[in-house]
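Common to both upcoming complexes is chain A, partnered first by chain B, then by chain C.
Moving on, here comes the complex of A and B:
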């Protein structure tokens, strides 16, 4: 039984990786067609969201733990590297890894605490954690400049440079997730998602693995935030708004939860669509929220699940 | 230095705010009791009430006393529709879902919150309106302390409604049925109770109560599309503090949070007043997740 499950999961993961790489290959060629700086920027921000969505999906889709703090972790990552360079003149090349480590550590600490909780309690605690962090950042005006926003130095000259930097990071994260999910640890996570009690009864240390997944997911979000900070060169507490978390959740739910392709495809689809909708009158969040409800209610497998069934 | 009249003033104002929190928290607690989910769109019920009260009064020039029940009705209608359209799958079939109950509820109510906030933002606009006061008396002296007339009357209304709801849940026919479903859904349905109807009543009641809180507070906190976010977070804190599903616990915890915030804003930090409750929430979840009055759940 277990062997069968393992083989099936691995074969599926491999076929998903192929499609995910195909999407990224298409993205890699996009600058040839899109010369416009504005749309290049849109695609770069989409990749920031794709990283956040992939991180949230590791937790929600593969481990079954619903955190409502992904945007907050992104915000902390952005501020970590931003504050290091603003106050201590730390170069970005050191600031970005430092931000990943800081957010990972915060995730590990918070994870140790919240991973003993289940379902609604987990969502409540992470929601309040995220809101506390946002309020602290926006009220600590002397240290973070609050709602005015913090200026962050850039790292590259051209937009195309940032574009390929983000793409390379996204590719690395996606490959890393693929390797993780087909490993023993990945199977533990999915076993926890499918039945926590059964997994524990088979000797999986559920609190340990859930905590590690939470910390890893936080670290990836922190990396996304830190890269975004150096691209946008201005960070503000708005990065941690609940509506940002809403956007990330809708990318994963619409794209397809618990798949490698879904969150990435969802991130590009949702963010690019949101740029169009913004231009025709700012209906983006209404449309996505409606889609989230409809997908969660009727098409749980998301667009990718529907597509896969259409292909098969 | 704690001066007596200042502390008395802070205590009374804290208790008054606590009453409004209780209107929100009771509904949230009832929903948790009957469906074992947290409604992440609870703040938007509040927002619907605040807008219904303010806009109806402004558009038709009705007396605020007439629009108050209308706001309650608007919230109740939203709550009822939400239950019918989105909450049914939680208990009617769908057991083969891969997506577990908690996760479905979090996603759907979170999505609903996002939808309602942005819908109102588009339709009504992002700017706040000031809700009409219930009475035109600006200040009432209550012994050594002064309270705004609206605040005092609104608190009295809130208190009356809370007592009425507590009596309804405790003694009425439907109240008993709701409590039975909260204790054991299967057992209640075997005893002939219409559990779907009980859930619908709970959602309508919870929506109405949150909307009433929004309406009563609209002259103090002008309705904006995201006006419900903080009251909702406060009520999450309260239901954890008071024990999920416990109504006396929710009421007591609401009053405690109101008083704590009122003193904390003066003696600790005004800027961080909204973070006290959140910090308490995390502490409670860590050390006493069953709350003050809740029962520890065990899995068999």
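Moving on, here comes the complex of A and C:
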């Protein structure tokens, strides 16, 4: 017989937050052990993916809406602050919030349309949106410099500085998501995930809450992209590749979908693993895809689910 | 003014008239049984009343205001809450959270919603399982949970679609007792059921549908002995 592990949605969020904070604490201490710039860079990019994964998990894991646009939103965020700086000399301190607002608004607009669609239609529409955006960026050579990539100014002197900036933002996003889950909105989103018809018949305004979740998820992705742009100081349309979305999905599914800790743990695990697998080139995605299939089929709550059972 | 007025409501699926000019009224505080053979249009009518289907024609008034064609969440806010024949709950949320969704969506603060949810789990004997995920409950407990979700905020009209189907007699008694108490306190209900003894016991009045139409609407005993109703249930040969 299955043991009863659950103690309510909010209590569960609290215990997941503790583990998420433990991971972030370990990440905070990592620079003591990992002194070289290369691995610091790997961890910074992992945090970029952790933000994207947390954003996608809000939508897919907590609201049940399977979007295929997270990488595209990250790319748009990166280009938003990059282009504002390149063409209009907007300082990054304004460019980053502007990018969040722009991507949030795009998310709100797109959300109003796609949140009336379900299942494969939602996935296909967001997939097309992402590909269209990537092609627009790639082909608007005069404005975005296309595949040449766009130079973006840096904001900090040291790599360690970027490291803790990303970590602080990730911590803030994680705490924000925790508070969201404990609020009425968190109840509504999870109700919509479990049964839209039941949610509506109990008075939950499903289109409104789904649209807000979509916009918020987009805004967080935009924030991730904007920060990444100023760290990497070069952005290209490759940020919006579908394979990037595939990576984000695999991080969330392997780490544990619909949990606070899963996407973060999954992001570090998958991205660091992909660095080790760099030598085998294109095969890494095949490996992750296999893991995703195995986890989605047999371990719905990912590694976090397995760990939780082991603890209990 | 009746609490609910259903006036010549019709709904067809392709060539099939699932509900054909159904009319009846419901006074405040009434508990009526809606009966009829399988496929007679009871659930379709409930789907129209709760906003899950739009009627092709006809009028539905709640307290004198036209509400036909409104979306389910709007009707829920106006106080029409329902149970589904095939139980619908939030399976990956705890029993308490399931109830809190229903309370918060109808305007309760989280504290008040939690207080009422605790009361309801006590009332419906769900207290021992209130912190489990709904997905871990038995079929009967799921029905009780969905039932409870309709009463976090006393509804203007509760629509119960086969609440007693395939559940343990003890749970049936818990639910029937709850319905009796709320009815005494003035709650208005429509109860769809095939369980005639329960209908006779709970509902002073019954409506029988057949082939989409209302064929009888009077006191429950009179409806059940009506030859037209007997014929509808047993077919022409028995009449």
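Details
In this text, the second predicted complex is superposed on the first by the 300 of 312 C-alpha atoms of A that agree within 3 Å, B and C clash if a C-alpha of one lies under 4 Å from a C-alpha of the other, contacts with A are read in each partner's own complex, and residues count from 1 in each chain.
As a convention for this text, contacts are C-beta pairs under 8 Å (C-beta built on N, C-alpha and C of every residue); 3 or more make two chains touch, one makes a residue touch a chain.
Nothing here was measured: the structure is a model prediction, and the numbers come from that model.
Look at A:184: by the touch rule set out above, it reaches chain C but stays clear of chain B.
In the overlay built on the shared chain, the residue A:127 is in contact with chain B alone; chain C does not reach it. Shared-chain residue A:204: touches chain C; no touch with chain B. Judged by the number of chain A residues each one touches, B leads among chain B and chain C. In the superposed model, A:36 makes contact with neither chain B nor chain C. Of the two partner chains placed around the shared chain by superposition, neither chain B nor chain C is touched by A:151. Of the residues of chain A, those at positions 197 touch chain B in one of the two structures and chain C in the other. Within the complex formed with chain A, the chain B residues making contact are 32, 36-38, 40, 86, 89, 97-108, 110-115, 117-119, 122, 229, 233, 236-237, 240, 271-272, 274-275, 278-279, 281-282, 285-286, 289, 299.
Listed in rising order, the residues of chain C touching chain A in the complex are 50-52, 71-73, 76-77, 81-82, 84, 88-94, 96-98, 100-102, 104-106, 110, 131-133, 136, 146, 149. Against chain B, in their complex, chain A makes its touches with residues 60, 64, 66, 68, 113-114, 117-121, 123-125, 127-129, 131-132, 135-136, 139, 197, 242-243, 246, 249-250, 253, 257, 281-283, 285-286, 288-290, 292-293, 296-297, 300. Contact residues on chain A toward chain C in their complex (touch as defined above): 2, 4, 6-11, 183-184, 187-188, 190-191, 193-195, 197-206, 258.
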